[in-house]
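Here come two complexes built around chain A, the first alongside chain B, the second alongside chain C.
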Partner chain A sequence: MYTIEGVAAGILMIVTAYLVVSTTTVLTPQDVHIIDMQLQQLGNDALAMMDTPDNYGPYSPLTYMIMTNNSSSFRQEFLSFVNNATNIDTSGNDRDRLNYTASFTYWNVTNQPNTISFGGSTYYRENAVKVTRWVYLPPFNPTGYPADMNSNTNQTVLLEVLLWRE
Partner chain B sequence: MRVPGKIDHEEGLLSLDFIIGFTIFMIALIFVAIMISGLLVHLQSRTIDYDAVAYRTSVVLVEDPGEPKDWHLNNLTIPAERDSVKRLGLTVDKNYPDILKLNKINKFFNNSTPLGCYSLDSFCNPDDYRSRLIFGDYPYRFNISLKGLGQTPLDKTVGDPIPAHTSYGFVKRIVKVQMPNSTMKIPLTPEPDLNQNETVIRIDFSDLYARPAPYRIDPLGENLTIVLNFGVGLTANITRAQICTYPLVGVPGCVLEDAYENAPRMNVSVDGNSYIPPQLVTNNVTVIIDDGYFQRVGFDRFDAVDIKLKFVQNVTNQSLFYYNYTTVNPLPVLEPAVIEVRVW
Partner chain C sequence: MARVNEDAQWIVMLGFIISIILIFLALIVNQSALIGKTTAESVLEFPKSDIQDTRAEILEYYWNGTINQSDLEPYLSNLSLERKGTIVSYDYNSTENSIAIHYNDGSTEYNEMVREP
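Now for the complex of A and B:
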């Protein structure tokens, strides 16, 4: 009697192990990481390219946008970068549907870090990733600066962008 | 064995049934343990695998200049030069990821089917791309597409059509493409005191290489164009076009424009027609030096050359023109683009 139970238990274990291991539809954490990684790579690419001047010499578009506090230009260019597609996939959408909310952190006149919003949409707890970039600002004094920014000296501000797919 | 004075359940002996059952259990366990490595093959989910390959491919494409770094100058009709291309990266320099070189893009997307492709100056689709970009033992299918987001139209694609009902690995990258501009225009006007019958244009490579790679005029890797515009009333007969080394140590080494018959070479045209000296010039003389020409002659980034155009009549009173970032207009600019890699 015990022998039969032992045989049955062995077979049961083998079958169970096989079924579990061979299932391909298991949503492993790696799947989610790859989607996150794609978004993060895209966001980092977009910020890096916005922080690259088109011509030799001047500051990058991103530097100018932050110096003049021009969040609408940032929105236009950032969404253009991350949402454009090559249109080679005619079966799907020709544009992606990514959205963002941004902020940057700077030193204020009392040498305290201060964070200010830099435009974007409202975040409703979608599955999002955060991309960051240190942006160099020269000692410049345009009107667009946050009023309490220490703008007499060059500094690097931390731009943080929360990015998600709608 | 029964021991006098002890009862059965205190003997410490295993029953035969239990031993058999336990043995079968252990055999099953060992069997599963041995099989588990084979069964784990199924865990290589296609999505994960293809996404990883697509990402790796995109990294090679947009974060690496390739091997050799100036592979776009190779003449692919020569088997040795085709074989020397080890990796197809598109960046201008290893220190500038995501900044792509237009010449590399054009060469990369110039492909043809395997039948007879080895006799053409283009990559074989898909073999060359699999062995020089995607790598791996599995014969992945792929589609790589590029679209410019700037003013210059730049729509390119290579690979198979995207499958409608098969999942594929996908990565999208944002890049900037260096649009090389390297045309120097020299206006020549009829003046009473013209005293030079030879125009000399000096190109100091080390001056050009002083700028970082994304904004550089690259005489070794791009076409250089020089246009002599003749003003109204000025005509002359051109008799010689040559490139000479500078500085002149001893006898200068000069190469005439017809030194090479095939590209890369020095191309001269007069008023839009091919150059046959001596030839009357009424509008312009255009000199285009193909990318890779200076390397073919044996120059490197520390050399300097003079381009000399000799006329019968006097055409200028300036003894020397400099080809540099002040005289070339417009200069290289970067334009954004999006590149998508699909692998399945």
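Now for the complex of A and C:
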């Protein structure tokens, strides 16, 4: 009479044991990837906005910033984009806390890649994502840059920004 | 000898059914932990922004009239290979006024033929 209960209990125990054994134990928090995804999209959007000319004709703000080696202007504009929050109090304190460090790579006159820093804060191994943007440069006067940089031709440099939440 | 009293058999039956339901609920919880991870990972892996950026850069060459400059492409393709491990190339056909864009990062390949009027 109690055979069916016995069999059911046996099946239950076997299935439970199977579930426990077959479930891979993942100890890292799973939503880290979702935060990475959102951070990456935010950074890419900010760079895309900065690489868009403000009005028809001239080059984008990002192009001008790299041409003039103006990393402080880049810092101000980039942080104002990524830290923009809807609930800002009048003193401007209630902002998001994202930080970055930037560098860009150019192809030098001896056909080698060369990476130089383009400002940002010190990176202490926070959980960070990297976003990149191609920046078009017309011929310019490379003030403050290494001498091996091409200056008399149109070129493209790769801006790389490491972005993290403090 | 007293008969076995089976009046409470339904309680055992109910426990049995509930435990089966619990197993399926546990299965759902078990899977849901992985769903956010796999979705986010596949979004992160797909180079959407890379492709948009590369495309925008090449079209910028077109719009500022430098796409015919033969030494412009190596900057893009060399840096791309060096820093991202991605193959990027484009070819401008001046008679048809079209740009063929090629992008390959090893897992995603993207080809586009842009025809400008």
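The rule is short, and it goes like this: the second predicted complex is superposed on the first by the 126 of 166 C-alpha atoms of A that agree within 3 Å, B and C clash if a C-alpha of one lies under 4 Å from a C-alpha of the other, contacts with A are read in each partner's own complex, and residues count from 1 in each chain.
Basically, a residue touches a chain if its C-beta (ideal position, glycine included) is under 8 Å from a C-beta of that chain, and two chains touch if they have at least 3 such contacts.
Owing to the predicted nature of the structure, the values given are computational and were not obtained by experimental measurement.
Q: Just to be sure I read the superposition right, which of the two partners does A:37 touch: chain B = first, chain C = second, or both, or neither?
A: In the superposition, A:37 contacts both chain B and chain C.
Q: Should A:139 be classified as contacting the first partner (chain B), the second (chain C), both, or neither?
A: In the superposition, A:139 touches no partner, neither chain B nor chain C.
Q: So, A:131: does it touch chain B (first), chain C (second), both, or neither?
A: second
Q: Classify the contacts of A:18 with the two partner chains as first (chain B alone), second (chain C alone), both, or neither.
A: In the superposed model, A:18 contacts chain B only, not chain C.
Q: Determine, under the contact definition given at the top, whether A:86 touches first (chain B), second (chain C), both, or neither.
A: The answer is first: A:86 touches chain B but not chain C.
Q: Regarding the shared-chain residue A:58, is it in contact with chain B (first), chain C (second), both, or neither?
A: It touches nothing on chain B or chain C.
Q: With both complexes superposed on chain A, which partner does A:48 reach: first (chain B), second (chain C), both or neither?
A: The answer is both, since A:48 touches chain B and chain C.
Q: Check the residue A:5 against both partner chains and state whether it touches chain B (first), chain C (second), both, or neither.
A: Once the two structures are laid over each other on A, A:5 reaches both partners.
Q: Once the complexes are superposed, what residues of chain A are shared between the chain B interface and the chain C interface?
A: Shared contact residues on chain A: 1, 5, 23, 30-31, 34, 37, 41, 48.
Q: Could you pull out which chain B residues touch chain A in their complex?
A: Going by the criterion above, the answer is residues 15, 17-18, 20-25, 27-29, 31-32, 35-36, 39-40, 42-43, 45, 47-48, 51-52, 55, 97-99, 143, 145-147, 149, 155, 157, 162, 164, 170-176, 211-212, 214-215, 325, 331-336, 338-340, 342.
Q: Can you name the residues of chain A that touch chain C in the complex?
A: Result: residues 1, 5, 8, 12, 15-16, 19, 23, 26, 30-31, 33-34, 36-37, 40-41, 44, 48, 51, 105-107, 111, 113, 131-134, 136, 153-158, 160 of chain A touch chain C.
Q: Going by the contact rule at the top, pick out the chain C residues touching chain A in the complex.
A: Counting only chain C, the residues touching chain A are 4, 6, 12, 16, 19, 23, 26-27, 30, 33-34, 36-37, 39-41, 43-44, 49-50, 52-54, 56-57, 60-61, 64, 66, 69, 71-72, 74-76, 78-80, 82-84.
Q: What residues on chain A touch chain B, complex-wise?
A: Residue positions touching the partner: 1-3, 5-7, 9-11, 13-14, 17-18, 21-24, 28, 30-31, 34, 37-38, 41-42, 45-46, 48-49, 52-56, 80-82, 84-89, 91, 96.
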